[in-house]
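Chain lettering (A, B, C and D) follows the sequence in which the chains are written, and residue indices restart at 1 in each chain.
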Amino acid sequence: MSAMRGFLADKPREECGVFGVCAQEKGREVVSSTYVALYALQHRGQMSCGIAVSEDGLLRGVRDSGLVPEVLDQEALDFLGQAQIAIGHVRYGSGGNRDKASAQPLVLRHVKGNIAICFNGALTNAHELRDELELGGAIFHTLTDCEVIAQVFTRERLRAPSTEKALENTMGRLKGAYSIVLMSARKLIAARDPIGFRPLCIGRVGGGYAVSSESCAFETLGGELLRDIAPGEVAVVREGELFSLKAHCGGKGALCAYELVYFARPDSVLDGVSVHAARLRAGAILAQKHPAKADVVIGAPDTGLDAALGYAQASGLPYGIGLIKNRYVGRTLAGPNSAQRQAEVEIKLGAVEHVVKGKRVVVVDDSIVRGTTIAQALRLLREAGAAEVHLRISSPPFRHPCYFGTYIDPGEALVTAGMDAEGIRRALLVDSLGYLDAADMPKIAEGARLGLCLGCFTGDYPAEPPKPFEDKYLSPLSLSGRGEDKEQ
Amino acid sequence: MSAMRGFLADKPREECGVFGVCAQEKGREVVSSTYVALYALQHRGQMSCGIAVSEDGLLRGVRDSGLVPEVLDQEALDFLGQAQIAIGHVRYGSGGNRDKASAQPLVLRHVKGNIAICFNGALTNAHELRDELELGGAIFHTLTDCEVIAQVFTRERLRAPSTEKALENTMGRLKGAYSIVLMSARKLIAARDPIGFRPLCIGRVGGGYAVSSESCAFETLGGELLRDIAPGEVAVVREGELFSLKAHCGGKGALCAYELVYFARPDSVLDGVSVHAARLRAGAILAQKHPAKADVVIGAPDTGLDAALGYAQASGLPYGIGLIKNRYVGRTLAGPNSAQRQAEVEIKLGAVEHVVKGKRVVVVDDSIVRGTTIAQALRLLREAGAAEVHLRISSPPFRHPCYFGTYIDPGEALVTAGMDAEGIRRALLVDSLGYLDAADMPKIAEGARLGLCLGCFTGDYPAEPPKPFEDKYLSPLSLSGRGEDKEQ
Amino acid sequence: MSAMRGFLADKPREECGVFGVCAQEKGREVVSSTYVALYALQHRGQMSCGIAVSEDGLLRGVRDSGLVPEVLDQEALDFLGQAQIAIGHVRYGSGGNRDKASAQPLVLRHVKGNIAICFNGALTNAHELRDELELGGAIFHTLTDCEVIAQVFTRERLRAPSTEKALENTMGRLKGAYSIVLMSARKLIAARDPIGFRPLCIGRVGGGYAVSSESCAFETLGGELLRDIAPGEVAVVREGELFSLKAHCGGKGALCAYELVYFARPDSVLDGVSVHAARLRAGAILAQKHPAKADVVIGAPDTGLDAALGYAQASGLPYGIGLIKNRYVGRTLAGPNSAQRQAEVEIKLGAVEHVVKGKRVVVVDDSIVRGTTIAQALRLLREAGAAEVHLRISSPPFRHPCYFGTYIDPGEALVTAGMDAEGIRRALLVDSLGYLDAADMPKIAEGARLGLCLGCFTGDYPAEPPKPFEDKYLSPLSLSGRGEDKEQ
Amino acid sequence: MSAMRGFLADKPREECGVFGVCAQEKGREVVSSTYVALYALQHRGQMSCGIAVSEDGLLRGVRDSGLVPEVLDQEALDFLGQAQIAIGHVRYGSGGNRDKASAQPLVLRHVKGNIAICFNGALTNAHELRDELELGGAIFHTLTDCEVIAQVFTRERLRAPSTEKALENTMGRLKGAYSIVLMSARKLIAARDPIGFRPLCIGRVGGGYAVSSESCAFETLGGELLRDIAPGEVAVVREGELFSLKAHCGGKGALCAYELVYFARPDSVLDGVSVHAARLRAGAILAQKHPAKADVVIGAPDTGLDAALGYAQASGLPYGIGLIKNRYVGRTLAGPNSAQRQAEVEIKLGAVEHVVKGKRVVVVDDSIVRGTTIAQALRLLREAGAAEVHLRISSPPFRHPCYFGTYIDPGEALVTAGMDAEGIRRALLVDSLGYLDAADMPKIAEGARLGLCLGCFTGDYPAEPPKPFEDKYLSPLSLSGRGEDKEQ
């Protein structure tokens, strides 16, 4: 076993990315397209990944901890071989390589025909469902919500006339956030929870249909985005035909705001909103609400660049490239030792003296969690001779937990937790600090087909949070029970 | 993913080895003892392995494909940490590294308290049980019998007053061969099927009790064999106390004869029979039934040496060391290429000219499956100048399939299938050939507490073979379903 | 042996980066600083790397193929331990992992005291020196110029009163480009060829002195750039004191222009020129000489971004972020198979429709070699709806070989070789194409302390090219001789 | 870097094994034969290995730390490709993976044509030669004697009319033990020092000639031993013709006695002596000089088995198989942690109770160094119920250092150092202990074509030991110099 990645987790983390494709004919391209698509979605999860395929009615899969090109090596691709349908998954997880068992897609034997399933999101009633299922004789191999969904689905499948109907019925029992991609021998099915917390869209790839967490996967494959899957919709691709079940549709919907701010790639379009454009708007609003007398506006690479450009455009200040990211940080499989970890923090960025020396600099970043990286960036700017540093954050401070699929490492000391803006400003030694106001967030999603979830900023959630239960906070590593053996 | 091992599979293969230990106190020794014990049982399975532990009522485990020191590296041992109870497993499997999911022990969440489980054997009604369970809503991640046992147990557990009673009830539903080791938060439980196909015994290790497929694990740990677990017995260790449930006991029992001939280590004692002594007796019977006018008796290393010594002692011919095994064959993780595979066959043995030149040589081996290795050995002996070569095999020819846990790779052209002894003799170019007669096999187990299963030699099985069903023969790799999706 | 990296070599490649540090006191920081510095110089070479240290007069080193965090893992760092002086090297090489033997620094036993040595550059008289040395009894393990330099140095050392004097004498025999870092038991010595083709500078790190190919390494370590090492200078650090030998100084000097255009990090300052500023100027000149009627200016990430900003600023057109780079491309150790390679090309970039749809787009890149990546970028822009695409290249076309340390893979079909600009424009399907003119190149290095080498653009070299000799073009992999054995 | 192997070094260690083959025609078999041969010689060195080939006058090679199938993987074999001539090497080394640079064969560029070279042995004047060479301008990359030999050879080559004559002249300057295999573009050359400390022989393989440290390599390849290379002989194979230079021949010769006792494989024949037969004789002499009233004679596997059989035959006592070796010990690449190391000691052997319980047991082993393994074996025998244990060692105690190629880890507390036999007997808790007497050693080599070196037993060496020099004892890891920088 080698060691964990993502140790420099200075940002909230997406839980997952999903993809599926149903081609007109069987071929190796189905697997290679899924490989490429997962690579395009790699930013949504770097801990584990997998692909499952259906070839002539038989399902098989590969899943393991590691990046896409590590897990899906030549041996894996050869094993997957040719297929008509494939689904794939990338996953962030808190468990490092221990978490192999939590890799998706799950491939499951079932009397009504086998299925493969993967999802992005977080259930809020997983514990209740698990209890109920266990009392009905179910056993669980992991603590993942995916396995809970699979168990509920399996029971519904026994009673339902079709896979898609079974999935629709399953949705009636699930609470929380979920974008599910499921494959039976002959069908590719995608479903999104009635709130639509996590993105999910349909595209055309080759002559077939594909579903993906983000549209960038379609463009990478030379295909195109058709439309988003609506909150509550079950979309089915069977023999080249696309149709939907809409029993759970109709609600207003609320996309996770942090998808626009940080998670998604700038070249994706989510629910009608260009991610890049949303970030430009965030920067523009910041410029309006938190102007600065400055000489140059720079972004913290990579995710702060778009908002910085928006700030510069709106303020009329020159845009500059003042921070350089070391392209080699994180490119190692070996378990980094503490010397290496420290080095990776130090090495991550460089400041361009020519841009900042003697200048009043506005620095735009998307968010602050632990604050390690931005603190290092600010130090570099001061050392490079910046006269003043004005920090602008293109999202509101995190004040509340997310129960719907965004993960913030609890071990990370949140800079923003329990500090007011002035306290943070002083802690970071900046001349001024401005956050985007939660009230302004809806403006960044101008033209969106659904609302935004701002729960982590406001505590006002579009769906009911989970009931408190200690077990929820048990390590998923330990597969532990609830303490004592209950028997006599 | 790296490649398969055991490619030189020129022998039938054991499916598994199991071990469990329950110490008086929590400590790291519980894990290290299990590590050592699995190393001592490594000959029973080299494809995958794992350990699960119980620490203060919480269960956790590590399992993966690879040899014991590969899977259970420092990171794994640190993760397992301290425990009161541990169980472990080594497994042969037909699926190479693909077969990670089939590694054991399984650690399972359950509403009545979590358990970990592993087993050695093969169910003959796995398919029926699986069908029934799936119709009840169960889902399966693997095609392993272990998962079937786990699912049946889980359902029985909901109705039973205790873990051990649930296991006893589970046994009422299982058919075939199984030596189960199961651990709950507070108990170590071991159960053996009513026929007792696979060995299972209890020993003293440190101040606690241990269970093992073979007694050699106890000696390696500085402990000692107490007794065998009887066919049908459920043995329970709880808080330092050992007790049994015997509802399924009373049958005659029939240990797999091939355990004595090949699988078990010569320093183990199975059901009252020293494995080394059994092999000496096999050699002695061969000497009596198939004498040879010869100058020296040599064994094919390593598993033919004991019988060769028995032949020499009984015949009065000198025992010689005429074949040398290259100690480095098989010591590589890398996926061997075809040049390497060929090399490993060529390199495996060397003949000692001093011992065989100009001599009439009796060569004793334990069995012939594909015949590759013995053919190479015979070639070397001829090249080294042996005047005559007389081959003696210390078991009868394989004529029938084993349904009870011995695996013969179907891809291997069985030298013995469809050939009579004279045909085999000519194919191998030996001057004479003698097999042990099936009728003589019981004599090698002199003093055994139960009978022998000779099914693979005679076709006469001590329990009912499974009903024919094609699915049984699907690759466990593919996790495939039964072909078509049944819905409309 | 695992496989080669850098397969997406669509750009000329730097041969190496060098670093050295001499601290006031012995400590582990000397090693960790060198580790961090090499990480900061990783862009100059990704094939192999190494560190050598001097502790209490004893030298030891680690060098191997792989990235910095791969080669310099915990075991390596522990082995290097504490030191007063350390030197390090990153290397591009044409030989993949075969090229382990060519990794630097070399640590060499010598009767006058051991030394470690590494360098960046390329000798033009390596063949003549090698012939002469071999006739004097020398043997070579590699085809590297570093070993030639080491052999010449060793012979000079026997006659010279000090290490630095021996190095100065060695320089009298070397022709070509070389920035050497050398360490004896008590001294850190750095020397730059009289032309100064490759950068080399001195900085302050902690309380000691450091030398580096680029100044970004000093800033990363929290230190600062003191000055460049002059062409022909031998700089010596001994017991905290810095002094120079200047017998070879005085020439005009000519820094490789491509260092400013592509190789160096934007946050480095080379010979008085900010790399970022040089690229801004290149963009500005392009805007003036090759204006475009357009709506937006975008850069090809990462190395085209600075020039794109310069173009936008000078032209008054808006700067946009229109191409997104997949941050995970290239992050795998496994030897990529062809499916993966193709995927890595496809996956490398994404276009932002919001920025380019219906727009007339100026795209700025730094150079074109094979043209694969820019062709993919242009395809993405067209698919994203760009109305027009105007390509601007911030350097002149490559027309001539470089003999002084820039490597262009001969297997790469140079888009620019044998095509005029109009031919290239048509091949790339762009609406207009403009290169920076060689005559304008000196302007980008405004304020430089030495001239620029423009040899690869003009064929006019500041030093004599090597004499043609077939052996020079033999694969460094084969360690081959000159064909026939000359004896009878 | 992964960790060291051979950590259970409870025996003296051979330094190396060498092999070379010159085929009639170019082909891939030349490489695969060398691969197989090195596998057959793997017992002579497990730290590093390599192969160099000559194809159409061009030389190339692969060498690295690791076992044969690890270093010579598919990529390496493909790189080596086809050849007419190949030489190979396996090496024990004290430096773990650090010692990559010391792997052989060395492939060296030279003005008179390139060569590859490897050797088995140890020079006693390496230090003097190194000093002299360094004063002549030579530089050294390693502390290996092989590099010293290569440097001396290179200088001689400049003056000599042929490669073989240069090697003969080189031998005039070397002192100590060396069996050299050298390859030029067209010739395979093998040379043995005038004493013949280390074995070296010539065989027929396919239609060509081969040279090898041991004859077992020829048999493994389906070839045959022709004859030994005489002490002092230079054997040359050129274009299918074999001839010799004999200027250094004529001395009496003295083969390392420990080659017969432990190093060589029992199926090899060294200088006319069957290794197996020599060990049988050693056992027989022990039976005569140190008889025991006992019930059974057993050997310590694997290297004690032959002598045990000889003891049994000579004494008339029954031979038994009383100790079983775990076949999986040592089969891991991962750096073993301390728990694993301890486990490997515990796990290495098992005792067969059936053979030893209640019996008076004679145990025969070949030698005692650290004594760890034999102590564990004796413990197991006592626990298994042996009534008496009589230990017999088939060689005299080590009392003196070996300067001629046998390595005993200085970190290992020699059980025998400074203890008399009675002290050792008490330390090991055995009922009696008998060593083979040094005076009887020559009898084990009955029929040998040369004498035996008994230096490590008697202190009486057949050649002059090296002059004492501290540098000799520096770690070869550190490539360290002699302390201080000598300059002002």
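Operating definition for what follows: a contact is a pair of C-beta atoms (placed from the backbone, for glycine too) under 8 Å apart; a residue touches a chain by one contact, two chains touch by 3 or more.
The model shown is predicted, which means the values in this text are computed figures rather than measured ones.
> With chain centres set to the mean of the C-alpha atoms, which chain is at the far end from subunit D?
Of all the other chains, the one whose centre lies farthest from subunit D is A.
> Please tell me the distance, in whole Å, between the geometric centres of subunit C and subunit D computed from their C-alpha atoms.
Here subunit C and subunit D have centroids separated by 45 Å.
> Calculate how many whole Å lie between the centre of subunit B and the centre of subunit D, each centre taken as the average of the chain's C-alpha atoms.
So the centre of subunit B lies 37 Å away from the centre of subunit D.
> Distance between subunit B and subunit C based on Cα centroids, please, to the nearest Å.
58
> By residue number and range, which residues of subunit D touch two or more other chains?
Those would be 73.
> What is the complete set of touching chain pairs?
A-B, A-C, B-D, C-D
> Sort out for me which residues of subunit C touch subunit A in the complex.
32, 35-36, 39-40, 42-43, 46, 67-70, 73-74, 77, 216, 219-222, 265-267, 269, 274, 276-277, 302, 305-306, 309, 313, 318-321, 324, 326-334, 336-337, 339-340, 342-344, 346-347, 350-355, 380, 383-384
> Please name which positions on subunit C make contact with subunit D in the complex.
The touching residues are 1, 3, 57-62, 64, 73, 75-76, 79, 98, 100, 106-114, 130-131, 134-141, 143, 150-151, 154-155, 158, 161-163, 184-187, 477-481, 483-488.
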